[in-house]
Amino acid sequence: MTSILVYSEAEGHRSFDDLSLLPSLLANKRNQVWVDFEGPAPEAAESLSRDFHFHTLAIEDCISETLLPKIDDYGDYIFLVLHGARTMADETFVTAEVNFFLGPNYLVSYHDEPSRSISQARERCLRGGPSITRGVDFLLHEILDAMVDHYFPVLDQFDAIIDQIEEEVFAHPDRETLNKIFSMKKEVMHLRRVAGPQREILNRLSRDPLKVISPTAAVYFRDVYDHLARITDLAESYRDLVTSALDAYLSVVSNRLNEIVKLLTIFTATLMPLTVITGIYGMNFENMPELHTRYGYFIVIAVMAAITVGMLAFFRKKKWL
Amino acid sequence: MTSILVYSEAEGHRSFDDLSLLPSLLANKRNQVWVDFEGPAPEAAESLSRDFHFHTLAIEDCISETLLPKIDDYGDYIFLVLHGARTMADETFVTAEVNFFLGPNYLVSYHDEPSRSISQARERCLRGGPSITRGVDFLLHEILDAMVDHYFPVLDQFDAIIDQIEEEVFAHPDRETLNKIFSMKKEVMHLRRVAGPQREILNRLSRDPLKVISPTAAVYFRDVYDHLARITDLAESYRDLVTSALDAYLSVVSNRLNEIVKLLTIFTATLMPLTVITGIYGMNFENMPELHTRYGYFIVIAVMAAITVGMLAFFRKKKWL
Amino acid sequence: MTSILVYSEAEGHRSFDDLSLLPSLLANKRNQVWVDFEGPAPEAAESLSRDFHFHTLAIEDCISETLLPKIDDYGDYIFLVLHGARTMADETFVTAEVNFFLGPNYLVSYHDEPSRSISQARERCLRGGPSITRGVDFLLHEILDAMVDHYFPVLDQFDAIIDQIEEEVFAHPDRETLNKIFSMKKEVMHLRRVAGPQREILNRLSRDPLKVISPTAAVYFRDVYDHLARITDLAESYRDLVTSALDAYLSVVSNRLNEIVKLLTIFTATLMPLTVITGIYGMNFENMPELHTRYGYFIVIAVMAAITVGMLAFFRKKKWL
Amino acid sequence: MTSILVYSEAEGHRSFDDLSLLPSLLANKRNQVWVDFEGPAPEAAESLSRDFHFHTLAIEDCISETLLPKIDDYGDYIFLVLHGARTMADETFVTAEVNFFLGPNYLVSYHDEPSRSISQARERCLRGGPSITRGVDFLLHEILDAMVDHYFPVLDQFDAIIDQIEEEVFAHPDRETLNKIFSMKKEVMHLRRVAGPQREILNRLSRDPLKVISPTAAVYFRDVYDHLARITDLAESYRDLVTSALDAYLSVVSNRLNEIVKLLTIFTATLMPLTVITGIYGMNFENMPELHTRYGYFIVIAVMAAITVGMLAFFRKKKWL
Amino acid sequence: MTSILVYSEAEGHRSFDDLSLLPSLLANKRNQVWVDFEGPAPEAAESLSRDFHFHTLAIEDCISETLLPKIDDYGDYIFLVLHGARTMADETFVTAEVNFFLGPNYLVSYHDEPSRSISQARERCLRGGPSITRGVDFLLHEILDAMVDHYFPVLDQFDAIIDQIEEEVFAHPDRETLNKIFSMKKEVMHLRRVAGPQREILNRLSRDPLKVISPTAAVYFRDVYDHLARITDLAESYRDLVTSALDAYLSVVSNRLNEIVKLLTIFTATLMPLTVITGIYGMNFENMPELHTRYGYFIVIAVMAAITVGMLAFFRKKKWL
């Protein structure tokens, strides 16, 4: 699905979907042109090459998935790959690649799947929203700002899960908690790998002297950079929290189990002398004087009780109980 | 609550709370003007835009909470976000964000909650204290210096808790100690995340050539930077101490428990042969010659005692006891 | 096996294998000459020195194996050592060193073993493929691009093995899983050591102002650099995943074993009081009133059952079961 | 205690203790003046301000303890904070802060406690030693050189303790060894925190173009830097050794204990079948044919012996013994 | 032992051992002079000062042991400290310090113990080898190249030991293996500390613009740098391998022991119910009907066998066996 959005002071906002109009629209330098390719459009690659004359490498990178974000400055235009994020039902998050070409009076966006940030921006433009009227660099800022803001629900979800994990760890840690910790660890690792390099890209967008981004727009990209810096900072702190939670889990589980084993061992050890005593008086020797005394049995029972009490007292004194 | 404090050589210190006076006060370049907005003041955002013409992005960042400290140089003024700290009753600490705009002859501070550093600075000014008379950059230094100094009670508290933890670890480590270690770890992590980036901000304040900070004032900001450097240095060393305490705890607890289990196992193993012997002479075979000897029983009891003594001697020789 | 491939606009592609033609071929600056030495060719060292006048050190490094990639800029030519990779049947991968000299109108490649990337490039050239016609720097790019692309099957294999390991760890971890984790760890470490330094070399190839690489070609080397950056990034993430898998393995195995030991200890502890009771009534005292009661035996059996049930209930209440 | 030491070519070495002479002594630029304040001298702060006109911040830092070393270049003079070290009886070490102001023809030293390095330097000067005659920068070098050299006995002590720890770990590790390891770890951490930042200060002293240090003296400060570099390098290696010793301790202790538990478990398991057998023939069934055989008892004893031998052989074959 | 070796185009190679000739030999700028001091020669320090006028600090560093390598550029000459290595019989390696002064037409080497690299270089020179004829900087390269190459046997030894350790770890890990791992760890740490800083020195030798090293010689020092880079790279990878081997050892040993303990616990638990049953029928109650049945004994034995089989089946089903 391809859509073209044009703004000029003279004619206001207009919307097209016929790529053959592009040459004439681009030729008029007063037009601000936004072309959006959604899904694997066969005509996209052709148009990028024929209408825009982009570098072959950039077009290849645009069509294929690159996983790492990038910014390539070709002088007259820049090529940008960034990744949006959204949370999934199973408490993970997925990323979606969006490619941009930003030229003096045009913005080209290319993405395989529908993107909330882009559709919202288009709607705002069609309703006469201001961004495109200030230039395509401001339009790009608006889209990137929305893409980065969509990371915050992911962070909120992480926050909630980590809180829950921490509570579980100290209250009732079980195997399920361990699974949660490990999958959270993977999610946080994923987030760091996704957000970190994008921060660098935004840093370059806002600081490098790029021909196609006006100094007034650069300040706004700086703001997006700050948001990404906060995201990576939070990701770092989540990583520390998850690692800490894992350490806590292992300590708590190990302590708990060791406590149980210790108690059971004490229990067994306390009963051990009793079996020896009963064993002694269960022997069949003919000549065992105690067996024939009147209160022998009761004395032995009393001795056994005394031993039990004595041992427990001993263990308690040693602080083993 | 909004308060305006003005100093000029001609008229000395004056205090207002009517924002409509601002344009005329600011117009007189001989005035040193300090405007303080406390709490979410609806008129604040309006005034920042109307009276000071600050950049929209800076105003947005000022009104909302940003978590990460920042310094943005807009040429005629700088925008600064920093965080103060105070200890809580439950041995944690909380931070509070304070935003500053520093211009050629004005300082604007904006904070949601009351700030000790700011109220103390205001009182000192009203009593004719010198800082504002040397310029608003010196006034900013006075406030920042107080904010940073308020971190030291937090550090002292940490110091005391870590000392207590270390003592507990070697004297009587229990589950409670583990909880303390983990919550201390979180507090120290928090402190590092808060103090580290602020140090960078102060570094830039004291080293970057900023139009609104005079070279004589920059030296003073260097001093604040030194304090923050010491705070981050201490935070690092606390982190090492807490990690070390956790390692010590795990070693000590594990050693202690293993010692107990070893002793109990030795105890059980020592009694095991006795049950076998009593078992043997408890068997009901008709033809068991020993049973009919006169001293059989006493000999067996003696043998059992000898085995017990022998095993304990063996364990002791092996250094297991 | 030595092969010479020459392209000139006038005469098109030609192929030789006689080194004595080299001086005349190189003398004509319109020729683009590619000399490939495969296997330890005794005449190679001689030719590198006599026909190309390369620096002694470079020739030595070329002939011997150097393990670390390198780029040496000698002004008129550069010397390059890089390593290709291919997967083995036993799920490991091996690297093969390829040395290059790139001059103004010649490329020399030297490798001990046959190289897929080089043979494919030669075939494409012989079939009239375009790369050498654009200059020897584009030819070098084509070969390096292929070498780097051959790393991706290695990464795919790693991906599959790590997935399998992760599944095994949580489903049925055994000694074999541990072996797999450790050998995977070694493989990933190997990959990082191989890919990381090569990325730096490619970075210099694409950014440094080198006399023998035209600016239009440098953009293409940038693309190879991006691929290597992605490889090292994936290698990093594999390392994290393997470390995480090892942690998970140790936790799961330890938990599992501890669970078993706990259950068995509970079982033993539950039976322990029973042996004490049976011991008591197995004693041979003359005066043991209970022995002569009518239902004594049945009562004792009932008590023993009650104790067992009671202890199990106690353990369950304590959440030990 | 305040002492003033003056050298001039004309009048040689002279010593005073009256601060009121300072202005005239400093006024003569041919004098090399060294003022040493020891202990919290109330007149010190006053003199620093009145006689030397040092910056307020520097004086404050000088009077109070700063913990972190620092160098501040005020153009006409530099302010320096460094820390000396000495070993204590309990195998720890303490540091003492020394503050310096170095001007064109004067050196001011300020320290709360007596300092060996400084008293030795004073004695050498009074006996006509050469350092002050070459300028106050050489005098500063002499003092710093002595301060840094006093770290080496600390390192030697560490060396000895670590050797002892390592021997203990493998020979007879006990709880005491663990305490030693942890306190050594703290000491080494302390040393790193003390020596590392000082190395940076010396680096700046020897490399930065400072007005008050002549190039010929800078070479000598480079030498002090080298000593500090060696100290930090040794501290790093001690840290590795201590960490390694801790790992070794934990492994050895755990292995040792596990060995004991394993042996005892084998012992118990070997006796277990015997108690079952004796139990069987201790049962009171009327119809138990074996009981009435002539050699039943002896056969059972033989069977029990055979079982014991067989189990031990089995364990030995399995390499469990 | 002191030896002087001189080369000039006019008179070829000559060898002396009389230090009093030095001034005249050095005065002739066409002479390339190499002075080698071996062992603590009392005349060395004197000659370094009198004949060469080296800086006092450099002479002190030369005479004493410095442990850290260094390069000091004094303009007319450089002072260099490096360390050679050789393997010992007990699978460790030792380093030996060699000091160099390189001037425009002289090289001074100073070392306490005999050095293979230096004696070989001297022999080659005396046999008319080329290095000194190209200048003393080439002579220095020849010596350093030999010193660095002597590290490779150390690395080969490490390689062999680590291979052996890895095999042992998985095949038959015992206490001895642990000792080997820890001593290997120390050796590898030692190697890293020795090789890393030397690489930096060689980096400066080959890159810094030094007056006494000609650009043609600098390329050769680059080659030595590459060798050291490979050594440090291998040292890093050995460190990873040893750490990995330690982790594997701990896992394998712990798993193995836990397996044994689990099996023994299962064994004990299986026999436990049998002792309870025999205990029951060993009780002396008068009224125990089962005792008087004809097949009671046999039924009980059968029940005991059934319980044993049933429990083993249960454990096997649970995958505990």
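By letter and in written order, the chains are A, B, C, D and E; residue numbering begins at 1 in each of them.
Criterion: contacts are C-beta pairs under 8 Å (C-beta built on N, C-alpha and C of every residue); 3 or more make two chains touch, one makes a residue touch a chain.
The structure displayed is predicted, hence computed values, not measured ones.
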State the smallest step count from chain A to chain E, taking one step as a move to a touching chain. 2
From the mean C-alpha coordinate of chain B to that of chain E, what's the distance rounded to whole Å? 41
Distance between chain D and chain E based on Cα centroids, please, to the nearest Å. 25
For chain C, write out the residues touching at least two other chains, lowest number first. 261, 265, 268, 275, 279, 282-284, 288
Touch graph across the chains, line, ring, star, complete or other? ring
Successive chains along the ring, chain B then chain D then the rest: B, D, E, C, A
Which bits of chain E are touching chain D when the two form their complex? 55, 57, 61, 66-68, 70, 72, 175, 178-179, 182, 185-186, 189, 193, 246, 250, 253-254, 257, 260-261, 264-265, 267-268, 271, 274-275, 277-279, 281-284, 288, 290-297, 300-301, 304
Within their complex, chain B touches chain D through residues 170, 219-220, 222-223, 226, 229-230, 233, 237, 240-241, 244, 247-248, 251-252, 255, 258, 261-262, 265-266, 268-269, 272-273, 275-276, 279-280, 282-288, 319-320
